[in-house]
Amino acid sequence: MAFYVPYIAVVALILIGLYAVVFKRNLIKIVIGITFIECGVNLFLITLGYREKSIAPIYTSSPGGIMSLPVPQALTLTSIVIGVAVLALMLSLVVHIYRHYKTLDARKIIGGDEE
Amino acid sequence: MTEDLLISLIHIVVPILIIAASIVAIYLKDLIAAAIAVAAMSLLLSLEFFILQAPDVAIAEAGVGACLTTAILIIAIKSTKRMEDEA
Amino acid sequence: MNGVVDWLILHSPALIIAIPLLGAFLTILIGKIGPRIRNVFVIIIMAITSFLILLLVNDVFTNGIRTYVFGGGSTSIESSYAIRILFEIDGLNAFIAIIAAILPIVAIIYSWAFMKEHTGLDKYYTLILLMTAGMLGMILTGDLFNFFVFLEITSIASAALIAFYLDKQNSIQAAFKYIVISAIGALFLLFAVALFYGQYNALNMAVIANNISFTFIDKIALVVLFAALAMKAGIVPMHMWLPDAYGRAPASITVILIGTTLASLYGLFRVIFTIYGKYLFSFDSTQMALTLGVLIIILAVVTIVIGVFMALKQNDFKRMIAFAAIAEIGYMFLAVGAALSTYTFERGAAIISASGQMALKGGIFHIFNDALDVGLLFLVAGAVYYAAKETSLNKLGGLARNMKYTTVFFLIGLAAVSGLPPMNGFASKLIIYQSMFQINPLLTIVAILCSILLLAVFVKVFYSVFLGPKLPKFSGVKEVPKSMLIAMGIIASIIVFIGLFPNIFVENIVTPATNALQNATSYIGGVL
Amino acid sequence: MLEWIEPLIKTLTTDSGFWNPLVWGIVFIISYLVIYIVRGMGKKEYKKDTGQTQVFLSGNPEYDKEKMHVPGANVYWGFTEALKWLYNKFDKMHTGNVSDYILWFVLIMGLFLVIMVVI
Amino acid sequence: MSGMSKIVKTITSIAFPFVMIYGLYVILHGHLTPGGGFQGGAVVASACAMIVVAFGSIWTMKKIKENQLSILESIGAIGFIVFAFLGLIILFDNSGIFFKNVFANSVYLFGQSVEYASTTANINTAGTLPLMNIAVGLKVIAGLFVIVLVMAYASNKIKERGD
Amino acid sequence: MTMRNAAGVIFFAIVAVFFIFSILSLHPFGDFGEEGDKYYLEPKMDDYIIDNAQNETGANNAVTSVVFDYRGFDTLGEATVLFTAVAGVILIFRRLGK
């Protein structure tokens, strides 16, 4: 009985991430916020697959018994790799934005070379 | 019985630490420090995954989240600006 | 010979995704040999894919729903759970897949000349193929998590391609905004998928649709899915990324971007009508469908009005078309909202009323027309940019003398997008107007007025780009190369064909799609 | 013999109306012919190499090409000027800030949640 | 980044083989113990990222070009999709299907069958899974490494130009 | 500006409340309930995989068998995502890297 603490942590992570995206001005902070949302969703998936007093779904370590669900783990693996891919692309774009605008303030990244 | 209590305690403590680390990462003005906080959060998350009987995901999160994400973040921060501007 | 074709049809759902992917992986290696061979290779790959799509679509329209289970084995256990990922193609998927078959190949043919002078073309073509594969995956899949994965592929590839013009500040910022929007949309989609998984222990759309009980959680999942997919589809007020992305990407990419936007729209249709269809159209939730319908109608009207009014003010060629595209999306939404808000009960089962069905038909038809019309206009904008190196309406002028074919194509696109007879846009808009008139005349008035304003918008473009005195600045402008003309010609000829014979299209393709959309039971029956 | 053409020329019927491009095309061709005849009547009086071919601007000499060019921004100037209050509001909406885009998303999500779940 | 102090370099070069071996172990035993292509690939790629950080991106770029890594990644991806195609092509009759695990429970490559709830760690099992693990591992190593390398190198160049 | 923040905070609160309630009405943490419980959920799909993974795929690690066999197509997508990201990053840095 761990109550609902991991579930609360999921919502907290998502909301902290969303807070960073909406209220922070620094682009890198925005990117970090997106990472947090992703971590929250990953944690949610794994939490859904956890059964009390279970073991990992790997037969090499133990024969049978209650096992935690394997599908959310596979989904989370996919989601983690997708997360790092998106992060890499976003940060590359941030580097370029800094090269062009000389600032990372989200409010100033508007308009541009309209001559 | 005590073992159950211990596991429950871990399930309560680790998520709280995760939330704390993430709040710290958002709060810090120094972006390199924030990136380190993100790494710490990723490690804690990886620990949480391990406790939740998902060792596969834990390895992936430790490798990707704690190491590569931080490396990419730090590279990006180094080539832009280290401090977050004051409002 | 017949055996090979049968084999191809049998495995076409897998091959449609696998061949562009394989092509994308190989393009990097083949690019080392030479640019000409690479271009030919990419065109061949895309042509094979389009051919397979047409085979599959033909098969679906003649033989009904197709399922393809990856990895083999039985479709479901205990006839209530699907274990493996499966593709399920009914009329609606097939309909959208036709768009996805036309747009990328046109874009690739167009790029041959349009992109010739740029560096990094190996990656460019790789990403185009990946984007196409992602879009097709979104359209064909029957699994929600798979939908998320393909959504991400599409968004990442699109974002990298939007940033193709590295030296322009605007393309970089547009790409960043696009990737942020898509990442957050996709993550919330994943959150909703997790809610489903936690409730039903299923990821398959048909299984979820079968089990859906509209609890508190399901309502929240509906809202989250709606918001995320509507943002990706570009509904006001979540449309702001769209003018940026459409306007700043290379024109050939914008054409495929339209396809990805419509794939998101398809996802929305699937969520509302199939996953929630069983419950939304039942006695217990009369209020629910009505509320959702009215909300969608409000959003749609706002979308049309803001899209048109903002388009009128823009001074950039591509940005203007992008706002017009937003307005066009509003028309489809209007039809969906109308269908949701006007259903009646007959013999205990809820069915969409006749006028609602007609509106839905118009909306579905309009998806196809919108993709072609707006795509053609963007290609013309790209051609103008290629020839004159300028997109600002303030500086362009008098190009009609030097670019005769482009002007003709622009006129065709103008007539189609603003709903002038006899182009295809008129046929679909006519159906929408007439059916809306029976639902609420006020909506028709708004729709027609905005359509007229849309005509005004494009008359402005026509005047300021193609008419007017011949400017000395553009005296050296020449007609664009052949490959670009061919690409525009393909779309223009399809537009004219559908415009002249709308009936074939409506009867054979649009009506089955509309029926498939309303018939959630048969979609579920395809799996279980 | 002409069976294949039958599905092509069928009329598209909506609930309360119909649309047949063929009928429209015939009307278009007829009106085009009428216009062509009227134009031909006027063309008789047109003579080349006279003052008729020159642009007539109230008797003033023709301007430079650059000066005659009306830029796109001026085309619907009156319309945008009259609806300035509306356009100001729209402009305020389109800030171009990524955070605002996401805020709109949260706004719509919250609004829909309240309406759909509570009602 | 142009490389760090000598201590860091030494420690990195000592630690690198161990991390590498652990990563490769995780990849190869993916079907028996926790791990697989992605996890092992991520571990190896983080070792490579360590090299980039310690020795600097310019030094690393001299040793291995981004082009080569890109080709390696393509090969990994092609390998993966080809293993997926195997199910379609080997059984050319109608029983073949995309992503079918053709080698499982056959006698051939990695084809020994496993009883339910057996704990014996027999590496010669699981059909195409170990092959796919290797292909994906190759892909992930090359992919993540090239991302870190290109980003580090490019940001270095941006700095050099004196922005 | 302040109005924006106020609206943001209000709607954040709304979204937070709904998300928390939605998650709390799922089955409790680690507990799938028993027959008759309101939140009872029988994970049929996962139990099928746990029971049959060894026979069908021959892998002791059920997660790997899900990743590469039962949901192998997702993994192809995932590999493609990484491939796409690499192509994108190289494309974006194409002139700076040279």
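In order of appearance the chains are A, B, C, D, E and F, and numbering begins at 1 in each one.
Just so it is clear, a contact is a pair of C-beta atoms (placed from the backbone, for glycine too) under 8 Å apart; a residue touches a chain by one contact, two chains touch by 3 or more.
The model shown is predicted, which means the values in this text are computed figures rather than measured ones.
Novice: Starting at chain D, figure out the least number of steps needed to reach chain F through touching chains.
Specialist: The fewest touching-chain steps linking chain D to chain F number 1.
Novice: Of all the other chains, whose mean CA position lies farthest from chain E?
Specialist: Between chain E and every other chain, the largest centroid distance is to D.
Novice: Using each chain's Cα centroid, which is most distant from the centroid of chain F?
Specialist: Taking each chain's C-alpha mean as its centre, the farthest from chain F is D.
Novice: Of the chains shown, whose Cα centre falls closest to the middle of all protein Cα atoms?
Specialist: C
Novice: If you average the Cα atoms of chain A and of chain B to get two centres, how far apart are those centres in Å?
Specialist: 11
Novice: Rounded to a whole Å, what is the gap between the Cα centroids of chain C and chain F?
Specialist: 26
Novice: Find every residue in chain F that makes contact with two or more other chains and list them.
Specialist: Residue numbers touching two or more other chains: 8, 12, 15, 18-19, 26, 29, 43, 45-46, 49, 54, 56, 60-61, 63-65, 67, 69-78, 80-85, 88-90, 92-93.
Novice: At least two partner chains per residue is the criterion; list those residues in chain D.
Specialist: Counting only residues that touch two or more other chains, chain D contributes 95-96, 98, 100, 102-103, 106-107, 109, 113, 117.
Novice: Mark out which residues of chain B touch at least two other chains, giving numbers and ranges.
Specialist: In chain B, residues 11, 54-56, 60, 64, 68, 72, 75-76, 79 touch at least two other chains, as defined above.
Novice: Quick check on the complex: what are the chain D residues that touch chain A?
Specialist: Result: residues 95-99, 102-103, 106 of chain D touch chain A.
Novice: Touching chain C in the complex: which residues of chain D?
Specialist: Touch list, chain D to chain C: 7-12, 14-17, 19, 21-22, 24-25, 28, 65-66, 68-73, 75-76, 79-80, 83, 86-87, 90, 93-96, 98, 100-102, 104-105, 107-109, 112-113, 115-117, 119.
Novice: In the complex of these two chains, what residues of chain F are touching chain A?
Specialist: 5, 8, 12, 15-16, 19-20, 23-24, 26, 28-32, 43, 45-46, 49-50, 53-54, 60-63, 65-67, 70-71, 74-75, 77-78, 81-82, 84-85, 88-89, 92-93
Novice: Within their complex, state which residues of chain E touch chain F.
Specialist: Within the complex, chain E contacts chain F at residues 30-36, 38, 66, 70, 73-74, 76-77, 80-81, 84, 98-99, 101, 104-105, 110-119, 121, 125-129, 132-133, 136, 139-140, 143-144, 146-147, 150-151, 153-154, 157-158.
Novice: Would you pull the chain A residues touching chain D in the complex into a rising list?
Specialist: Residues 18, 21-25, 27, 30, 106-107, 109-111.
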